[in-house]
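Labels run A, B, C and D following the written order; every chain starts at residue 1.
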Amino acid sequence: MSASDDTIEVRAKNTSVDHESKDGMNDSAAVNAEYAGDYASEDEQPLAWSRFREYAQDFFSEFLGTMILLLFGDGVVAQVVLSDDAKGDYQSISWGWGIGVMFGVYVGGKSGGHLNPAVTLANCVFRGHPWKKFPVYFMAQLLGAMTGAAIVYGNYRSAIDAYEGGSNIRTVTGDHATAGIFCTYPASFMTRTGMVFSEFISSTILQFVIFALTDANNIGAGPLTPLCLFFLIFGIGACFGWETGYAINLARDFGPRLVSYMIGYGHEVWSFGGYYFWIPMVMPFLGCLFGGFLYDTFIYTGPSPMNTPWLGLKRLVHPRKTRSPWTVSNV
Amino acid sequence: MSASDDTIEVRAKNTSVDHESKDGMNDSAAVNAEYAGDYASEDEQPLAWSRFREYAQDFFSEFLGTMILLLFGDGVVAQVVLSDDAKGDYQSISWGWGIGVMFGVYVGGKSGGHLNPAVTLANCVFRGHPWKKFPVYFMAQLLGAMTGAAIVYGNYRSAIDAYEGGSNIRTVTGDHATAGIFCTYPASFMTRTGMVFSEFISSTILQFVIFALTDANNIGAGPLTPLCLFFLIFGIGACFGWETGYAINLARDFGPRLVSYMIGYGHEVWSFGGYYFWIPMVMPFLGCLFGGFLYDTFIYTGPSPMNTPWLGLKRLVHPRKTRSPWTVSNV
Amino acid sequence: MSASDDTIEVRAKNTSVDHESKDGMNDSAAVNAEYAGDYASEDEQPLAWSRFREYAQDFFSEFLGTMILLLFGDGVVAQVVLSDDAKGDYQSISWGWGIGVMFGVYVGGKSGGHLNPAVTLANCVFRGHPWKKFPVYFMAQLLGAMTGAAIVYGNYRSAIDAYEGGSNIRTVTGDHATAGIFCTYPASFMTRTGMVFSEFISSTILQFVIFALTDANNIGAGPLTPLCLFFLIFGIGACFGWETGYAINLARDFGPRLVSYMIGYGHEVWSFGGYYFWIPMVMPFLGCLFGGFLYDTFIYTGPSPMNTPWLGLKRLVHPRKTRSPWTVSNV
Amino acid sequence: MSASDDTIEVRAKNTSVDHESKDGMNDSAAVNAEYAGDYASEDEQPLAWSRFREYAQDFFSEFLGTMILLLFGDGVVAQVVLSDDAKGDYQSISWGWGIGVMFGVYVGGKSGGHLNPAVTLANCVFRGHPWKKFPVYFMAQLLGAMTGAAIVYGNYRSAIDAYEGGSNIRTVTGDHATAGIFCTYPASFMTRTGMVFSEFISSTILQFVIFALTDANNIGAGPLTPLCLFFLIFGIGACFGWETGYAINLARDFGPRLVSYMIGYGHEVWSFGGYYFWIPMVMPFLGCLFGGFLYDTFIYTGPSPMNTPWLGLKRLVHPRKTRSPWTVSNV
């Protein structure tokens, strides 16, 4: 929680220190003075757009955060693959995805920066995130991922043409296949069981560590959380990224897969690896649920179904009101 | 804003903790005592130089910050190119530019550490940075970049001679071309549209994320901002750095290009890639404006034209007084 | 100590700021409200499991922390070895182990995140960690390491089969040996003395720096400690990792060695390098004790046997009561 | 200064939070209770060793800090050179030296963690560091560097024998030269002027950025300073490390050079590159002085000769008393 406390403390202080603000990188405090007039009037009748944005904050936040994730993530794979490792190597890919998550979280912070339906699900089940928000988050993440992948395609289109050998050639397999830029495909030696297990364990580690990083009763990463997420994704890529490409996220994998299908990579995007595509759709949910279950069962002492009579099933009987602390927090 | 609050809190505290200062790395607190006498006198009649420096603080700050950026940035490219990848690889270049921005911001913090005319423009448009400062920042950044590039040339001159095969040979293309040390040149397969789009999207991401990092109503990076900028530049280089070399900054690209022209790399520094040179001059401005527009429209709730009646056009009618919070903050 | 102070401050503040919580990544504060009812009842009769977990906190914490360490650590070696350096290189291994320790500490923070029996011993000798806890920590670390190694084996089983050339082939030496995935084996040119010294010096540096990072009278890393541990392990791997593979931890080396023996790597896991296996079991203890001795003798001014009459031997005469601050701190 | 304030705040708080300490990684607070008895008695008659250590704190601190720097720094070069790049590459060397400085500063924090005579000189000239301490710092740094280099030699002796082809062979030049492990040698194409300039500019950047990082009136790195130093040294190595090996430190270069001479690398350690050895002894002082001069002249507004009548020459006339804030701060 320290992250939030920081920002709050800060706002409190700004009033007193505006005129000595040293941090040139953020002018908002200083500007407060200037727009005061406009704001006064605004308090009475807020702008229509501001009202709508407040209403749609979660959607915009997750959409843009996940878009940033895919811009860096698919972007780095494109650069490494298309330049034949001249402009990066496997390690660069770990950097790219780690950085994508780090900044996706900074961008999407107002909605929690989940960027991943499985993380959202785990927050609904274990952290009281309102269920009614799940569909909104899910759609925002999926569409954001598709947008990011489409932009990467637009940016690297001429490079893909050069690499594939023609603007009408798009291949999933072969020496100059480029489908791997957008979504994950399993290594050739993998068994079905191996694919399932690899995605499951990676997702379990992901959620297990995320809950540790955000546990104020443990060490907790506080303001370092986004930076730690860089290391977490980097680590999963370096340690469990080979066999299935560590999708660990339906939005990140299925969204771009759809995009690549629309682009014209053909039916193989679905059939490759014995219709592997469903594994990174399903397993992240199971893995993240299991990771959350492990953390709450053995370490977490805060409020959680694990620490509540009847595993907190009461909530299902008396669902929370719309006006949850989150809506407030996003005002 | 926490960065600024930190420093302010700190100064407040120092008075009480001088004699227990543990951080040997910064002796200023301790020295306060010592120079007290001199200072007393100074309060009455400040030194002429101090007065001038206060007046020219923005210029010095941006000049030196951008110089540091180029020292690391052009320096790493020189080392990698001239040593034929023996003393670094493509990833080292991402490190070098990221580190250059990180320390450029630490050095140029008093003026906001923009280091980039496009970032300054976006701050003028969206964060109320005084327009009258734009020309000062622009010149300081351009001259700082030229100085940095010139120093790098001086440092690597003998290595360039050895690599090019003679002290009078300076080539933009060919097996031993070294012009790429100073400014960016597009990859061979790129179309004009591709170049424009690549610079545009990179600059958009740059400004979009910078506004997220400095948004106190979002997570915000606070004191971690310079470190986050390292990751941001590293990421842009790893994910979008291949096609046009991610100039995303007029000062960083045009300044050193001028220097390389003066050095004697010839007319090709302008003509290469179908007179590509204007793209990294123009697109960063458009990209950063669009990135700022996106962030303020969909996420930013603080004072911004997007959140103000008539998009804050009032300001154009009643421009701010000279004595803006920034001048104060730089005292 | 600042890490702890953070979390404490934070909890203090939460009560007042729940409804303005900005950090979407941690919902616990918000949930407090919700589960209030259930909690009230809980105060009277805590759940049986919560009571047991409180009792076994140290064990769970060290077990899971060390498991995470091995998941990343053995995982990265597996990926690099089995992919023939296609999916990583030696540097990736430094990344993997560093990240493993970093997140192992975040996960195991409630018990101090030792993850290493030698570090636990040094804390008992120099920092008053209760001796009665040593066996618990030791077993938890050993079993956690074995579990982590077993999971990695499960995850990479098919890849190992493909690499070794058959599901019944497991080799310690040879062109396709994979035993190095699980535990360390010395370089061929090493003498017995060299092995002993290499493990000793690495462990000395480990404990010496850890005590510096956690010394509140020195600079101290505070909340940055887990991140610093990433750099420390990375550095030991990059600087002293070649000769013996920097085990510097009985749990990390002996645990997985047992697992690999059970898997069927045969007697060579013990006999290789002239029965080298005992060196990473014994030397880390001696090295960490010496590192702690050096730090406390020459730098540490806090409470330590070095700074106490009779080197604090009193404690041996009057051992502390069960109810030490730690048990409290883990409530 | 925030680093120091942190630690101070912290100590203040500990008293109140001992029994809720969450940060298991630092037990000192908890132990306070335990040793209270012993301490009481100690207040009356402190231990002889504690008294001596307090007196020699600066020496121990700089000695051990510089030793750590060389352990990582020379260690990584040894591993990369002797393993023929199998266990690291040029980038690993940047990592190793960066990490060495980072932890050298954490270890040597009580004396300011200069680790470099040139940095100490700059602090004497520009930050009122007592001149009388310069010789102590100088000797401590030199001896610490020699010790670190000697330990690295001991650790890698068998590897050096294997690489050189015999235990009595130690070469500075040739295919299997290993002298480069200990100190720096210039690249073959370098002119005398080039060597001088390369060391000068690197040292200038070093001190210029250090003063920026520790300037509480600029952004300032506060508790992030040691981490930033990692990036600074990494950057100097990646951008200016090729031509002369970025010694930028008399202790780091001359100390190990002496050691390698004692080991038996012969007269060539002095004569190589036209008796290059004096350049990394002299230029760092000039470079750091110039870097400090630049920062204080154009940016620093705190107490500095640049900001003082007669450039603070008064001090030379009335030198400070022995009992300076530092001696106090190190009590």
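The rule we apply is simple: contacts are C-beta pairs under 8 Å (C-beta built on N, C-alpha and C of every residue); 3 or more make two chains touch, one makes a residue touch a chain.
Just so we're clear, the structure is a prediction, and the values are computed from it rather than from any experiment.
Engineer: Give the fewest steps needed to get from subunit A to subunit C, where each step moves from one chain to a chain it touches.
Structural biologist: 1
Engineer: How much rotation, in degrees rounded to the nearest 5, is required to superimpose subunit A onto subunit B on the basis of Cα coordinates?
Structural biologist: The best-fit rotation has an angle of 90 degrees.
Engineer: Check the residue numbers that subunit C and subunit D use where they touch, and answer same if over half are used by both copies, otherwise different.
Structural biologist: different
Engineer: How many angstrom lie between the centres of subunit C and subunit D, each centre taken as the mean Cα position?
Structural biologist: 28
Engineer: For subunit A versus subunit D, what separation do you get between their C-alpha means, in angstrom?
Structural biologist: 40
Engineer: If a residue has to touch 2 or more other chains to count, which residues of subunit B qualify?
Structural biologist: 3, 7, 22-23, 25, 91, 105, 109-110, 113, 217-219, 224, 227, in rising order.
Engineer: Going by the contact rule at the top, pick out the subunit B residues touching subunit A in the complex.
Structural biologist: 1-5, 7-8, 90-91, 94, 105, 109-113, 123, 127-129, 187, 189-191, 194, 197-198, 201, 205, 208-210, 212-222, 224-225, 227-228, 231-232, 234-235, 238-243, 294, 297-299, 301-303, 306-309, 312, 314-315, 320, 324-326, 328-329
Engineer: What does subunit B use to touch subunit D in their complex?
Structural biologist: Interface residues on subunit B, with respect to subunit D: 3, 6-7, 9-11, 13-14, 17-35, 38-39, 41-42, 47, 49-50, 53-54, 57, 60-61, 64, 68, 71-73, 75-76, 78-79, 82-83, 86-89, 91-92, 95-96, 99-100, 102-103, 105-107, 109-110, 113, 151, 154-159, 162, 223-224, 226-227, 230.
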